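What follows is a set of structures for review.
First chain A sits with chain B, and in the next complex the same chain sits with chain C.
Moving on to the complex of A and B:
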């Protein structure tokens, strides 16, 4: 059970490193990510003390990556956490109550799922994160909030459906009837009997969702509606794109970090799911 | 003797895409206090649905329950969900058929067992755990302290069924529904569990409804027997009387289909030909008529009413066995 394969350890290691960047990035001996090294514009890897080089603005890429990790991971965890919480409350309630509530909820989920994720997020961000006066910049925190909110709205039906499906299969089990025959309230049955069984399935999907959100956030940044001043991986890719011919590393460094992180979360999601399947088989 | 549970004209219908499914119809049962009543019948005859309907555990918009159920002076069918819930645990409790699925796989035995005590009797967490340990001892589980900390998958089927019994008797119910408590267990464990139930029933002065499809289980463990067929109680009598002097051809056929030790080897097992009638379309006559060797014209065209012998023996047959016609 505790024996993981090598790729799993690598994924855990990589994600731990990213979490370290996100939480303790500020202790690393870097100047601010947007400090301009005027003498080192677009230098390559391992040059003049810039481990990952610099971009055309003279920003140190490693410092940018660390700062970007904070933003990307924060957005991903916040969106998945909120989306998972709201989605599972709605999904579990719908599946437990059944009837009209369920029908309405499933319809809402299906409508949400029928709109392509990115288009929905794009529409929400571009409407909510713009000022009436286009010359006035939108503050970063508001952009971040809108981004999280849009991605949460995208995630609610995805995670909500998983929660609903899992709840449906568990409420049919005899132990739920047994709990009722002992006079337990529905609210207690849900928190004590349903949620602990539904949670593993949700966690497996949540890992996959973190990857999806990181990608979505990067895509929005590349499209120009993400975090404008670039303290995120997507922002770095967006800026690096312009200098692809002269300084490819400016583009490839954030892509490398982004890709490895998404692969790691997907892999861990699969591992959790596999554990879950063997557990299901045993029950 | 007053009745602890009295079921009158109980019917259960399920709305299905293929029409209304009549799982239980016109069931009348009186369960006197302090007795054990067996409910027998083949799979699909409505035993489990009858018990769950009596307790009010069937939920869903597609379930319709008719008739009245009176438990200990309370008319369950006229009470709110909340009021019925207050009778659960300390009034009525149920042991479930399959000990593999009736325990929550992700929670420890101790928390599942103490849950009822805390919810129903308002015990503190600590007291409930102490009591849980006593209950596990009561159902003869060795090393109860370790079992309290175990998960269901760490226990064998027999152990889990004992835990189920411990959960059901935790709040000293007056009436225990045992829904095929031994079906999922092998024969040696089955005997132990039945012995345990018998002893607990005497010690705690519980009444019991023992649902089973095994007439052998009924014979040694019950005072009365209700035979169910196609959703109806077709015969109801004291256990000894039923075995000695049955009225219903179905009961006779059931008894004949038990293999006997003195049969010559190579003797074919006696079976009841045919199947239960389609529950969505019960037909007009007696449900058993197509499979009954005594069936006559009347059996196919008229549904038999419940008849009563002077000694209280109930049956649903136009041409009962052992009665001069």
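Moving on to the complex of A and C:
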């Protein structure tokens, strides 16, 4: 295995910090992210007591970022995990079985792909988050579930198509034919021969998908259909838009965290893929 | 003969995708756990709602409702937007929004390709050297920054701090070309940065592969200059992936620029989707999403046709496959 370059270590370091915020954020000595510091409204970066400053509501931005990291990372990992699992099961099965199953699956993927990501997510969120009594607000936990579900559905065709393509390039190989001619069961061929070879490609795409989901969640929040008044990076950007003119640091902070996280996941996805390409070249 | 049947099959495939998309949206609407007629006419009488139910086909089953909507849609009746004062035609909204989206998309594509092609050629020519590394790394980083972040930073600096450009609104071409462009610059930059990175990357990879081909060695041994080989002999066969990607992103730009359109108040088709959802205008939502899918499928077809012209080899390959 090649040694990692400096940017790769930086990306790993940054994502570790984000994971730490997400998992152990609650042990950090902050008050709740929506605690109002009435005497410190809109203080700038690196103020004593508020390293990242506060916004016009008096929320401490560092506390908001830590709480927002938990929400954004949780949604991203849940959606990519579920979408990846369902997408790869569908994609691998389609490519392995071929025939009618494959045709149907490809058509379904194409249907999903023919609507822009954000339009699909927006439509799903709005339908799934509608209460029977339309005047009643939807509770936050249900909003989160709906967001995860919608983004999962958006990801399934994207990841499914990649899983299908990767599987197709392996099912024709000699060792698969050999295994089949020796009477190996299909389920075993898939788990022993196909999945281990398809997995690296999927992991590379999963990193990219985490970035896609983080951006999609933020976009939905900016449009006001994300988590209402909640702490997520997108929610912070949505709230910060009101302070744009007089306290732009309220926007810089969440944008910085979000952008650096997406750059890191994209970079790692790229590293995994480069590694994969060089391995393929050797074979 | 083979070719005709190939195209018929391709068009049939795309039509099936279109039918399934629109049926899917239709089904999704019926899954909403509220009475659609009540949502559309919150203050109307029960009698008025009954008339509406019949008019829109809500009283029928999901398939009957879909067929009725489809019949209207095909005839150009995209339904209405309902509000307390009366109704507006969805087609009128789309007629207003579509030119905005199409222009935004066209500018974005032109800018993105105009910048990406020279960058891609240079980085393929200098592959692995310093110029290539600088271009590739900068673009990679830029492409990871979400477009709304770029948009907000532009608004803060170019719009508010220096006040060079207007931050909101759309001015049609007929009201002055310069005014029109001034309102488009920031949205176009926000949308095109990511595309520039994608396009450059695709072109670079394809050109590096093409530069290894025998005909390039042949051209070089004939004494042709590097410039001529790159621009005349290598660029054209290498631009196929780039064109495919560009055409596919057109569909995405027409409906998918929702956030940029609402940040800059450009109010294109993406914003119509958002407005329909926010205002619970489900008939408008269904028709607008159908129009977006129509564009996507249309550009998909264009890709297939165009790729045959750019690289004639693919025509036969596709037919045989």
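The rule is short, and it goes like this: the second predicted complex is superposed on the first by the 277 of 283 C-alpha atoms of A that agree within 3 Å, B and C clash if a C-alpha of one lies under 4 Å from a C-alpha of the other, contacts with A are read in each partner's own complex, and residues count from 1 in each chain.
Criterion: a contact is a pair of C-beta atoms (placed from the backbone, for glycine too) under 8 Å apart; a residue touches a chain by one contact, two chains touch by 3 or more.
Computed from a predicted model, the values in this text were never measured in an experiment.
After overlaying the two complexes on the shared chain, residue contacts for A:187 are found with neither chain B nor chain C. Look at A:258: by the touch rule set out above, it reaches chain C but stays clear of chain B. In the overlay built on the shared chain, the residue A:99 is in contact with chain B alone; chain C does not reach it. Comparing chain B with chain C, more residues of chain A are touched by C. In the superposed pair of complexes, A:278 makes contact with neither chain B nor chain C. In the superposition on chain A, A:244 contacts chain C only, with no contact to chain B.
Chain A uses no single residue to touch chain B in one structure and chain C in the other. Chain B makes touch with chain A in their complex at residues 52, 55, 57, 59-61, 85-89, 92-94, 96-98, 101-107, 115-116, 119-120, 153, 164, 167-168, 170-171.
Chain contact summary for the complex, chain A toward chain B: residues 98-99, 173-175, 177-185, 188, 192-193, 196-197, 279, 282-283.
Contact residues of chain A toward chain C in the complex are 107-108, 110-111, 114-119, 122-124, 126-127, 130-132, 134, 211, 215, 218-219, 222-225, 237, 241, 244-245, 248, 251, 255, 258-259, 262-263, 266-267, 270.
Interface of chain C with chain A (complex): residues 13, 16-18, 20-21, 24-25, 28-29, 31-34, 39, 140-141, 143-146, 148-149, 152-153, 155-156, 160, 251-252, 254-256, 258-259, 262-263, 270, 273-274, 277-278, 280, 285, 289, 292-293, 296-297, 300.
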